[in-house]
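Heads up, the next two complexes both have chain A, just with different partners, chain B and then chain C.
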Partner chain A sequence: MSKVDNSRRNFIGAGAVATAGLVIAPGVTLFDMANAKPAGEAASSAKRWGMLIDSSKCTPGCNDCVTACGKENGVASTGHPQTDPQWIRKIELKELKSGRSHSLPMMCQHCAEPPCVDVCPTGASFKRADGIVLVDRHICIGCRYCMMACPYKARSFVHEEHHDQNPDVPRGKGCVEACTLCVHRVDNDQQPACVEACAAGNKDAMLFGDLNDPNSEISKRIATYATTQVRADLALNTGVRYQGI
Partner chain B sequence: MSDSPNKSFTGKAAGFGQLLSRGWAVLLAATFLAVALPAAAYDEGGAKAGHAKHIDAKGDKCVRDEAYMRRNHMDLLKHQRDDTMRKGIRTTQYSLKNCIGCHANEKTNSVIGSTDGKDNFCQGCHNKMAVKLDCFECHSSKPKAASGDAMHPIVAPAAQPGDKDKQSGLSGKMRWQMQAKLDSVNKGEVVK
Partner chain C sequence: MNIDSFRKIEQSVFYALVAVIGLIAMIGMGASYYMEEHGHVVTGMNNQIVWGMPHVFAVFLIVAASGVLNVASIGSVFGKTIYKARAPLSGLLAIAMLAGGLTVLMLDLGRPDRLIVAMTHYNFKSVFALNVILYTGFFSIVAIYLWTMMDRKMNGFSKYAGFGAFIWRLALTTATGSIFGLLVARQAYASALLAPMFIIMSFSFGLAVFITVQSVMYRWNGLVLDEAVRRRMKNLLGIFVSAVLYFTIVYHLTNLYYAKQVAFERFILLDGGIYTTLFWVGQILLGTLAPLAMLFYPDAAKKCNMVFFAALLVIIGGMCQIYVLIIGGQAFPLSIFPGMTESSSFFDGQIHSYSPSLPEFLLGLGGVAIAGLITTIAVRVLHFMPEDDFRHIERRVITD
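This part shows the complex of A and B:
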């Protein structure tokens, strides 16, 4: 028998792996494969959207996620920094003893047991079946109880009138708002804007996916590496988890 | 238009009022009004004088007939609003975005405000009917920009002169994957 030329087979094998997503550890790939929800189908509790943020990859001083969020959702400065809404912010952390510093983005943690929903007097603050915590502005009366209740300071009150909103992201004066996990994009089978921007900047510090699916990239990573919920002592079961903090 | 009951009502009301107060001459005038008024009350487009004429619509016909939409569009919108907000159902038929996409004025690209001295679609009717219009305190009154990529300049690769299909066939996630892969290749990393 003639000798088999393995180079061709290797090439095909490499191609298959590249197609299936980049592999960063055994069984751990960089991307989830598309799993689109038809437009007419309601969000289901079979999924729970979540995010994993690797603070060791998050560059201090990098603001890409915040910028992308502002651009996508129309969250811009109105010239009143003390009251401007803030959907996502960068936090720089420093351990005083060792001097080790790192940074991470902080936003709505999309808790499974959200305190903002508990305290809302009108039912405007609610959790969608797939775990995304939202404010229904049609019902919000702007009382700001939820802002008080949130341990992550994730919510903001809109003090100024807004114009020329992104048609997918209605926003206006008099309501409380927070990170929606880019729900309009998620329903359209896209990643949240911050995650996309982080990857586009070659940081890959943010991973978005379905926490309920054991085969999803995010579930595998959470099963593989030590991850943290911020203020885990409150037992809110956050959808946003951190690595390396 | 199928508004004949309203037509005859207009005629009769004028007729009775005048008949009681004046004589035959006035009755003749009233009869004339009964015939002439409806003709005057409907313009060439079939819109009744009390209604704002709707001018702006890009499509051929609405998702429901015009009479139904005049009376019930708010219910359709409210139902859709709750479905979309609470359940994430994003069908477009009764969505506000769909309405705006079709009814935005071609010049100002908006359903509120006015163009050339005439109120645009939503505002025109609501002003005439004296009904407060809240939607656009939060919702955009303009359709989404035609180039969706303009919203995400960070991730959209710069368009090359030779580009054919502007990524239209790709879902956002696939585009993101390709972009990330491209970036790591550019950085000289080995893509397994």
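This part shows the complex of A and C:
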């Protein structure tokens, strides 16, 4: 029996696999992308979005996160500091005894037990299954009870008309608003604008991720290092945690 | 002047009064339209002081509305005859003041056009939503109560309706106090004490309003209130004012005992500027000590004016008390990081400033005018005049 030369068959086989790969792969990728967030799919409680802020990496005077948030969400100054909304702000802290100072960004802490949701008469303040606390601008009546209830001064009332809005982030006079954790970006598998800006400035003081996934970077860091929930005495189980204070 | 010409003049005075009160109410509505059109940027309220002057007026009116019904309750539920004669007026004032207070609260909303949303979407964990139900229920139950009192066929049900209204009003004021009492974030609030404190405040403010209105009505009709009736009502007011003082003392003493609350107490009691002045001069001196001295002055019952002015002072003191509670409570900054000083572009760690603007003051005054308008017209067209046994009432002779 003569020896069979398999090289031709191997070539045809490899060619078939490669062709199949080329044909199917983009479809699979597209299917995966489409499958990741079909339009109208509800947020899942399997995830809990959160943030870890390392105040030792946050520099006083750096406002990158605030600027990025303003640009992304169309929150701009109107020249009325008392009434201008602030979704995220930098707070400078100094310990009374030691004089040690800290600089950190403060925003909605996306509590698991949010007081703003408890007090809202119409249910406009709500928490998504994935832990993001939002305001439904269709049913917010502008009573500001949530602002009275929030321990972090995280909510702002829109005191006047705002123009040049981002279509993804509609805002309206007479309603209350706050950090949405850039929900429109998160639902597109992107990071919140503040986190991205902090990383772009090589500060890396802000880490965003899924607190429910033990393998996520944020969960690993929280499991390894001492972290703090602001006003932990209120037992609100915040989604935003701090390191270094 | 004979009685006919007196009636003619009285009629013109009535229309003039309705026109003036109506005008104030219209100006209030205009102010709310202005705030609505331009946004709350035209008010003194901001992202630090989120509830302002309209809320002071609204809370006073709502608290006093539930308290003024007490006069009826003492008659119907506890069977005191002199209070029974005053029950219809007490019910009317309760409805009128609640209407005025709710109008102010509603027109101050960022989106008053969404009233229908507030009436159709309820978050039952919110004490605010519970209040919406309690307020609307209060209107109905007091209206039924008035019907049982004013329609002879229904008189038999009056006691039951009165009892229902009494329980309802206690629930309502508990819920109003709890709007503040359940706020965990702020040092001025987050206390179960606020619920009973609001109830006793309602007793005091409500009775003061009743005495004031009753005095005006008697004066208008040329009648003099029986001294025994006046004595009982002024003694009761004195007891209520003392009880508010007691609650105020307990509120501040408990706060002073907690180390974390001391800075807040220092702010209100010592160095809070306008809030300290309003507390000591407005609430304590003018609203508590002065009326107590006037009410318990020997022979005070014989002096119509003294009781009337004491009641007026209780009302002024009550407004000051609510101003200090609502605005002063927000002016003191949130303690987000205890043990550290805080500073930011969002005014963290600073005493927040508030200067009430004219539109919000006019809106509040508009609410009082609405209550006044309802009362003035109702007492004219229906029988609300408290009538005691006329053997004890001396009618002033009207002569030329």
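The definition used in the following text is that the second predicted complex is superposed on the first by the 203 of 245 C-alpha atoms of A that agree within 3 Å, B and C clash if a C-alpha of one lies under 4 Å from a C-alpha of the other, contacts with A are read in each partner's own complex, and residues count from 1 in each chain.
As a working rule, a contact is a pair of C-beta atoms (placed from the backbone, for glycine too) under 8 Å apart; a residue touches a chain by one contact, two chains touch by 3 or more.
The model shown is predicted, which means the values in this text are computed figures rather than measured ones.
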Partner chain in contact with A:A223 - chain B first, chain C second, else both or neither: neither
Which superposed partner A:A129 touches (first chain B, second chain C, both, neither): first
Which of chain B and chain C A:P85 touches, first, second, both or neither: second
Partner chain(s) touched by A:K173 [first = chain B, second = chain C, both, neither]: both
Which of chain B and chain C A:E160 touches, first, second, both or neither: second
Touched partner set for A:E196, first chain B, second chain C, both or neither: first
Intersection of chain A interface sets (partners chain B, chain C): 161, 173, 175
Chain B contact footprint on chain A (complex, rising order): 14, 17-18, 21-23, 30-32, 34, 36-37, 39-43, 64, 67-68, 71-72, 126, 128-130, 134, 136-138, 161-162, 164-168, 170-173, 175, 183-185, 187-191, 193, 196-197, 199-202, 204
Chain C-facing residues of chain A, complex: 80-86, 89-97, 102, 106, 115, 117-124, 139-145, 147-153, 156-161, 173-176, 230-231, 234, 245
Touching residues on chain C, where the partner in the complex is chain A: 36, 38-41, 46-48, 50-51, 109-112, 114-115, 117-118, 121-123, 125-129, 132, 179, 182-186, 330, 334, 336-337, 339-348, 353
Residue numbers on chain B that touch chain A, as the complex places them: 81, 83, 85-92, 97, 100, 137-140, 142-144, 151-155, 171-174, 176-177, 179-181, 183-184, 187, 191-192
